[in-house]
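Both of the next two complexes hold chain A, though its partner changes from chain B to chain C.
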Partner chain A sequence: MTITAADIYLLLPLLLVTGTVVVAMTAIGIKRDYTSAAIITITGLLLSAIAAAVLMPGTNQQVTPLLIIDQYSLFFTVVTCASAMFIAILSYPYLLALDDNREEYYLLLGVASVGAVVMVSSNHFVSAILGLETMSMSLYGMVAYTVHSKSAAQHPLEASVKYLVLSAAASGILLFGMALVYAQTGTLAFSSLIDLSDSSPGDLGNGFTVLALLMITAGIGFKLSLAPFHIWTPDVYEGSPLPATTYLATIGKVAMFVILLRFMEASEALAFEGILTVLSLIAVASILAGNLLALMQENLKRLLAYSSIAHMGYILIAIIASYYAEGRIGIEAVTFYLLAYLIMSLGTFGVASMVSDSSKEYDSVDDYKGLFWRQPVLAAIFTAMMLSLAGIPLTVGFIGKFYLFFAGVEGALWMLLAAMVIGSGIGLYYYLRVIYRMLEPAPESGAFNRSEQTASAFAVVSVLFVLLLVLGVYPAPVIDLIEAISAYI
Partner chain B sequence: MLELIWLLPTFPLLGFLALVLTGGTLPKQIAGPIGAGSIGLSFAVAALIAMEFIGSGEDYFVYEAWTWMSVGSFSPGFTFYLDGLSTVMMLVITGVGFLIHLYATGYMADDPSFARFFSYMNLFVAAMLMLVLGDNLVLLYLGWEGVGLCSYLLIGFWYTNPANGYAARKAFVVTRIGDTSMAIGLFLLFAQLGTLNIQDLMHAAEGEWEVGSGYAVAAALLLLGGAVGKSAQLPLQTWLPDAMAGPTPISALIHAATMVTAGVYLIARTHILFELAPSVQLLVAWIGLATLLISGFTAMTQSDIKRVLAYSTVSQIGYMFLGLGVGAWSASVFHLMTHAFFKALLFLASGTVILSLHHEQNIFKMGALRKVLPVSFASFLIGSLALTAFPFTSGYFSKDEILLGALAVEGVGTWLWLGGLIGAFFTGIYTFRLFFIVFFGESNVKHHVDKEVGGWHMNGPLIILMILALVGGFIHVPVEAVFSHGEAHDEHHVSGLIHGIMIAVPLIGIGISYLFFMSKTFSVEKLMASGMAQSLHKFWLGGWGFDTLYNTLFVNPFLFLARINRKDLIDRFYALIVALSQAANGMIVRTQTGSLRWYALTLVAGLVFIVTLGALL
Partner chain C sequence: MILVTLIAVLFVGGLVAWFSERISPTMPRMVALIAVILDLLLMFSLLGAGDTGARVATFEADWIPRFGISFYFAADGLSILLLMLTAFLGVIAIGAAWGEIKERSGFFYFNLLWTLAGVLGVFTALDLFLFFFFWEVMLIPMYLIIAIWGHENKHYAAMKFFIFTQVTGMLMLISILVLAYLHYVQKGSLSFNYHDLLTVSTSGSIGMWMMLGFFLSFATKLPSVPFHSWLPDAHSQAPTAGSVILAGILLKTGAYGLIRFTVPLFPEASMAFAPYAMALAAISILYCAKVAFAQTDIKRLIAYTSVSHMGFVTLGIYAWNEQALQGAIMTMLAHGLSAAALFMLAGGLQHRIHTRDMSQMGGFWARVPRMTAVAIFFSVAALGMPGLGNFIGEFLALIGAFQANITMTVLAAFGLILASVYSLWVLQKVFQGEYRNTDFDDSHLTDLNRREMTYFALMMLGLIWMGMYPQSFLDMSEPALTQLLTSTQGVAVALLQGAL
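Moving on, here comes the complex of A and B:
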């Protein structure tokens, strides 16, 4: 196997992110400077997003057996790097006052992004697990980043230990499943299972295959916090510093979902009835559990953790639909919703982190009481994010949900759609509750009493707000793009 | 040039946004030009588009601005459809609309909510243009509901007076009944014919449904329900007189020239459907006739200057419905246009009168105003002549065409014609009753009137509308292509006698009015002396008791039911859902113990569960 210059050219986005980490590390080694570490990271992520966007037209090539560089993976490289850049910008004011070494945070963020870019470009178990672990390892560090700080706002140690132990166990399950696949086929490409799907039931080989697939499903299910593997999510979200939560909730989920999608499509695992049933049950359980858990939740981070469980359940419906429905509507729906989910979650966490810092986080719903009377613009943005999460028309969340629903209808998945409708109904309650809280008379103290806000963070949430509206009102160009790239899956 | 059609609703919408996003804080010097200017720009574009369109000789023009989203087979879009009918509508809306906006900058000058007023007005024009230019039912419905909302907001514009709020609610609720009927009709059309595009729908209906078939009749009836609600026809006419609670420019724009004619537009737009249901089409004619007669009688008894005009509007739209019902489509559209001219003129002139008399609306407290208010006098004279179809004014041509259309119908045509003629007779009486009482006779004005309120931006529109009301009848309405296959083109030979009758009848009405209210040859008091006349007058004054009837039939029973069902039964069901969700939440949160070993246990248990399940299947 040789790597040609053309291959290197195609790997440019990945190499740029990696290079960014190296440059940042060197810079820190020479002279500790928080601002320059942040600027290097942000610039590097921006450059790699641009590089991926430039490469995108007409690219479709396997680079080494491990990585597939096609329009789909490049699209998600752009999305991942841009999101990582947004998170880096939002992190800056948060960590500014931390009484500990702050610079290494950006190294962790950069390395996590390397992992994420590998994940979205992976169609091989080895690259999948490498990317996943690269990202997870960095995330453990990010979750625990404020651990030495005496004034840390959250419980980073608890969150990070819980995450480490459970995530490692889940990785173990995932690896076991992959080992079983290898035992069957002798290769580790996602597509290796395709020949096994038509072996007769009752066959020993068939049993192994199903077991392997179920273990992989369980492992991925944990990382995506799908029920019944969701229990860790709220504790980790709540205990982590806000920027780490944001990373975990957005890029962490989206990159994993891309792997799940590629794996399901390449291996045709859905042809097994057992897998289909299990996935359907997982979807329904996630939707109901997530929404019901969020119902009375008073902590914003936990609320968003639960709501992310439900959203992952919604997307799973489209994955199942891709098996039943004609054409690629299922894949398109998954892709659009992932994008929508990224925008809404980044925006929501972004607003929350704008007013928090490492010594004080405003993460109770009560903290947002009266926000409309203090900060109307910020409150409007936050309201739009909430409405979008609830799936109200003219927001990107509505189009995404409509897309999922349409895919479900095409696949005639009535039970799953019923769960989605019930879940959305419950969801409306707790999203609107947050909005309602913002309209109440403002108390004397609370979040957003401070008037000074970093312009850069405000710019980030404004961009997300505009994206949310534009994609909600005029999604046609993005839908066209997604239709085009979905052909590569 | 035609591609710029999307600019038409965009200008008013931008005006609305500019006025609203500044929170209604813009000073008049800026809000006025934005509010009126946006409509002016729209009119300029509309005029250019109309010239090019008519010059091109094409039957129609379709412009797809953008598709909202295209998911599978579902792709609702912002597509504009321009043909003769929508050309007329857009010119009336932007043209008359601009004049009224201009007038309103003067009329509303002292109002503290000046910017809010213009923001609603602009939103209204945007919605109305959407309604007439949309090529699919979604856009049509968007505009339909949009104008309804603006009508509500503007009737209740002076919201500090609870009566205005009541009038606004009444208008909203009554038209809502029609809207619901129309929505069901649209669903029916979509469900049966499978497309949202109006033109495709009409062709599909023509192809799939036979004349008089059940679906055609049902769909036409449901749409008619929407039309009578919006256009204040029997039996949903009761809201329009109360809608006069809004500022007078609103009455001119929404409740005379544009929105209330949306029902006429709807029926004209879907005329193919109505031709497939001849019984419903005939019903349209009878509704129109009944409405025009009833409101004609009522108009004779009113004492509020705006209410007289309101009933006259209802009556004139009755004529349009009559025309639609007898298949005189283009005559109805023609009358729609001329009516917009002369009725806007009358309303604006009445606005000047009201403002000059310090918000006096009772005509019996006016009198002898012709010298004091010369511009209003001239406007009223011309507007009244056009309204009564005085020969060679604009109203004469259009009403003439409608009545001839009615006469051409076999069978009942003569009766419809006769009814229309009686209506024209009463139009003559009530119009000139108003005119003579307000401008002649003794002065009953209490407050001293210094001079007529005016200025170029109030008098300019009046003068232009006077000209239009006079010569508007010579404008050719380019709708032949729209109604090409539906209209009886064979010229009936109508004898000179019939023409003579049609000219003479309104004149006799005017003459009677003169004898009663001008020369006092006959005395109203004597006429009113008998008990029967008294009770008839009371009956007519109250709008034929429709309000009382509806209060007894619907409002009071509803309030009664609401009272006995104070602890809502249906609510119990929803309370159950709430309780269930909370119980489920209470159970499931117990799984979140926070303890790591429990979390690890659930992870393993979950794995065992799905592996067992998967292995068993």
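Moving on, here comes the complex of A and C:
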């Protein structure tokens, strides 16, 4: 196996992200400067997003057995790098006042992004695990980043240790499952698991495969915080500094979902009735548990944690539908919804981190009381994000939900659709509660000011807001793009 | 193109109204009034076009070609009548808000205009995705109107309103998607176009389920028992202008949906379901009239009478013959005016004495004679006095329904008696008797001013016109109804033959 110059060219986005980390590290080594570390990281992520976008037309190639560089992976490379860049910009004002070394945060963010890019380009167990662990390792650090700060209000250490221990256990289960699959197929590349009896080295039977698949499902389910593997999510979300929560909730989930999608399609795991049943149950459980538990949350981060559990359940329906429905509507639905989910989650967390900083986070729903009358623009953006999460028209969330419903209808998954309708109905309540809180008259004192805010963070949130509306009203170009790239899965 | 302009004027007008608050707090209402009147004037150019039954002002452009979704607007006589009602009540609602909304007026008129824009979209969209889009778009501003400018229990009311309509809306969305998918299976292409979907065969149990999805959504909006419980809450908590729009226009979108979509798209299932729907209608009429009688909150009372009157609309629609449908449409128009007027009166009272509790009121005739006269007029209109619009509507609906289902029609007719009872009871309670004032501050209890009289006079004229010369309205909707009836005729005949 030799790597040619053409291969290197295709790996450019990945190399650029990696290079960014190296450059940033060197720069910090020469002279500690928070601003320059941030600028290097942001620029590097932007460059790699652009590089991936430029490569996108006409690329479809396996680069080394580990990485697949096709339009689908490049699309998600663009999305991941852009999101990471947004998070980096949002982190800047947040960490500005931290009473500890601040520069290394950007190294962690960069390394996590390297992992994410590997994950979205992976169709091989080795690269999946490598990417996943690279990302997770950096996230442990990001979650605990404010641990030495005297003024940090949260419990980053508790969150980080909880995440570390449980995540490591889940990785173990995931690896065990992969090993069992390897015992069956003799290959670590994602490949079909049905009708193995002729080609597999040792025919261990379907029960063996199902067991392997269940372990993989459990491992991935943990990373995606699907019920019943979701217990860690609210605690970790609540304890982490906001930018780390944002990373965990957006890129962490999306990259994992891309792996799940590729694995499910390549392995045809859904052909096993047991796996299908288990995934359906997980989807229903996630939707109900997420929405019901979100109802009573007074903490915005916990609320969003539970809501993200529900959203992961919704997307799982589309994965199940991809088995039943003819054509690629299921894959398109997953892809579109992931994009929609990224935009609205980034926006929601973005607004929250704009009004917070490392010494004081405004993460109680009550903190947002009266926001509509004090800062109408910010509140309007936040309202739009909430409505989008609830799936109301004019926003990208509605088109996403439309896609999921459509996939469900084509797959005739009536029970799952019923769960989604019930879940969305419950969801309305807590999203509207947040909106209503913002509409209430503003309290006299005790609320935050916008003084810490910087223009760049505001620009990021505005861009997301515009994307939310444009994709909600005129989604045709993106739908065409997603239809084209989905053919590569 | 004119239909797009109508909607765009309101959307843009809303934004301008919002930002004009910075110039002066009274600017937004001027902007809103100008936008709605402009729309009303533009609508006159559509008049006369509906005579042939053809769709006018058709506008079609690609939206999401991947799913066969397009911007497809068109209007026929039925749509035009409802468009005019919307714009007319829009003007009235702005009038109702004129002196009442003092805080954050820019955002209020923004929401008001966007609700109206959503309603116009609902009445003219002939692509089912587009229809659903507008169906939901009108919810959010309405939610905000109740949640921000509502009364003491606004949070609960706004939330209930939103969840009821949104959840049933999702069931309709699924039905729409199934229908579009059936079109794909049967004809080989995805389409959300109304005319394409009319050709889809929807027999069997799947047709029934889809029909139920639509019915549930529209019956909630209408509302019909047992999906009506959001309405009294929403009405009693909404500001006056919100009630006017809610009772006058938003409820009519449910009826419109039944006429335009539910029955024509699923003729077989609808025919099979008609007896049950008519039974629900009869129950709505009688039960809500009875419940209305038990209210002490004047706005809740009017809300329940609304549900009761909308029962005649459901009854007429599911009888599905020309007289009954004409009756349903006349009831929609007349009830739009009379309910709006009654809510304005109730809102006016609340604005003056800060209570809606009828047990505290009495003998207002002496203090506010003009208001009393107006209240008598609209109460009498609502109870179905011949010579006014409501009579024509309910009478036609009953005649038509009698041909379809005698039992339910006879039962429903008792609603007319109950209507007289509660209407006169309210008049007695509030306006007649000895004036007494123990519980509230009556220093602001002044008679209707000139502005208010103008609005009420306009609505009175409308009701008298409908009652005295209904033919001018019937002529407009007739060609549209004939078309709808012929499109389902084949099924009706087949069913009859099968039954014989």
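Criterion: the second predicted complex is superposed on the first by the 472 of 489 C-alpha atoms of A that agree within 3 Å, B and C clash if a C-alpha of one lies under 4 Å from a C-alpha of the other, contacts with A are read in each partner's own complex, and residues count from 1 in each chain.
Just so it is clear, a contact is a pair of C-beta atoms (placed from the backbone, for glycine too) under 8 Å apart; a residue touches a chain by one contact, two chains touch by 3 or more.
Bear in mind that the values here come from a model prediction, so they are computed numbers and not experimental data.
Participant: After the chain A overlay, clash or fit between chain B and chain C?
Facilitator: By the criteria stated at the top, chain C and chain B clash after superposition.
Participant: Between chain B (first) and chain C (second), which does A:Phe402 come into contact with in this model arrangement: first, second, both, or neither?
Facilitator: Once the two structures are laid over each other on A, A:Phe402 reaches both partners.
Participant: Please indicate which partner A:Leu428 is in contact with in the superposed arrangement: first for chain B, second for chain C, both, or neither.
Facilitator: The answer is second: A:Leu428 touches chain C but not chain B.
Participant: When the two structures are overlaid on chain A, which partner does A:Ile39 contact: first (chain B), second (chain C), both, or neither?
Facilitator: So A:Ile39 meets neither chain B nor chain C here.
Participant: After lining up the shared chain so the two structures overlap, which partner does A:Leu387 touch, if you call chain B first and chain C second: first, second, both or neither?
Facilitator: second
Participant: After lining up the shared chain so the two structures overlap, which partner does A:Ile479 touch, if you call chain B first and chain C second: first, second, both or neither?
Facilitator: In the superposed model, A:Ile479 contacts both chain B and chain C.
Participant: Once the shared chain is lined up, is A:Tyr436 touching chain B (first), chain C (second), both, or neither of them?
Facilitator: Touch status of A:Tyr436: second partner only.
Participant: Classify the contacts of A:Glu410 with the two partner chains as first (chain B alone), second (chain C alone), both, or neither.
Facilitator: both
Participant: Quick check on the superposed pair: does A:Pro228 touch chain B, chain C, both, or neither? Answer first, second, both or neither.
Facilitator: So A:Pro228 only meets chain B here.
Participant: Could you let me know whether more residues of chain A are touched by chain B or by chain C?
Facilitator: B
Participant: Which parts of chain A are touched by chain B and by chain C alike?
Facilitator: In chain A, residues 402, 406, 410, 429, 474-476, 479 are touched by chain B and also by chain C.
Participant: Across the complex, what residues on chain A touch chain C?
Facilitator: My answer: residues 373, 387, 392-394, 398, 402, 405-406, 409-410, 417, 421, 424-425, 428-429, 432-433, 436, 439, 474-476, 479-480, 483.
Participant: Provide the residue numbers of chain A that touch chain B in the complex, in ascending order.
Facilitator: Touch residues, chain A against chain B: 161-162, 165-166, 169-170, 173, 207, 210-211, 213-215, 217-218, 221-222, 228-229, 231-232, 234-235, 272-275, 277-278, 281-282, 289, 292-293, 295-296, 329, 399, 402-403, 406, 410, 426, 429, 473-476, 479.
Participant: Would you pull the chain C residues touching chain A in the complex into a rising list?
Facilitator: 62-67, 104, 129, 132-133, 136-137, 139-140, 143-144, 147-148, 155, 158-159, 162-163, 166-167, 170-171, 173-174, 177-178, 181
Participant: Which part of chain B faces chain A closely enough to touch in the complex?
Facilitator: Answer in residue numbers: 66-72, 74, 581-582, 584-585, 588-589, 591-592, 594, 596, 598-600, 602-603, 605-607, 609-611, 613-617.
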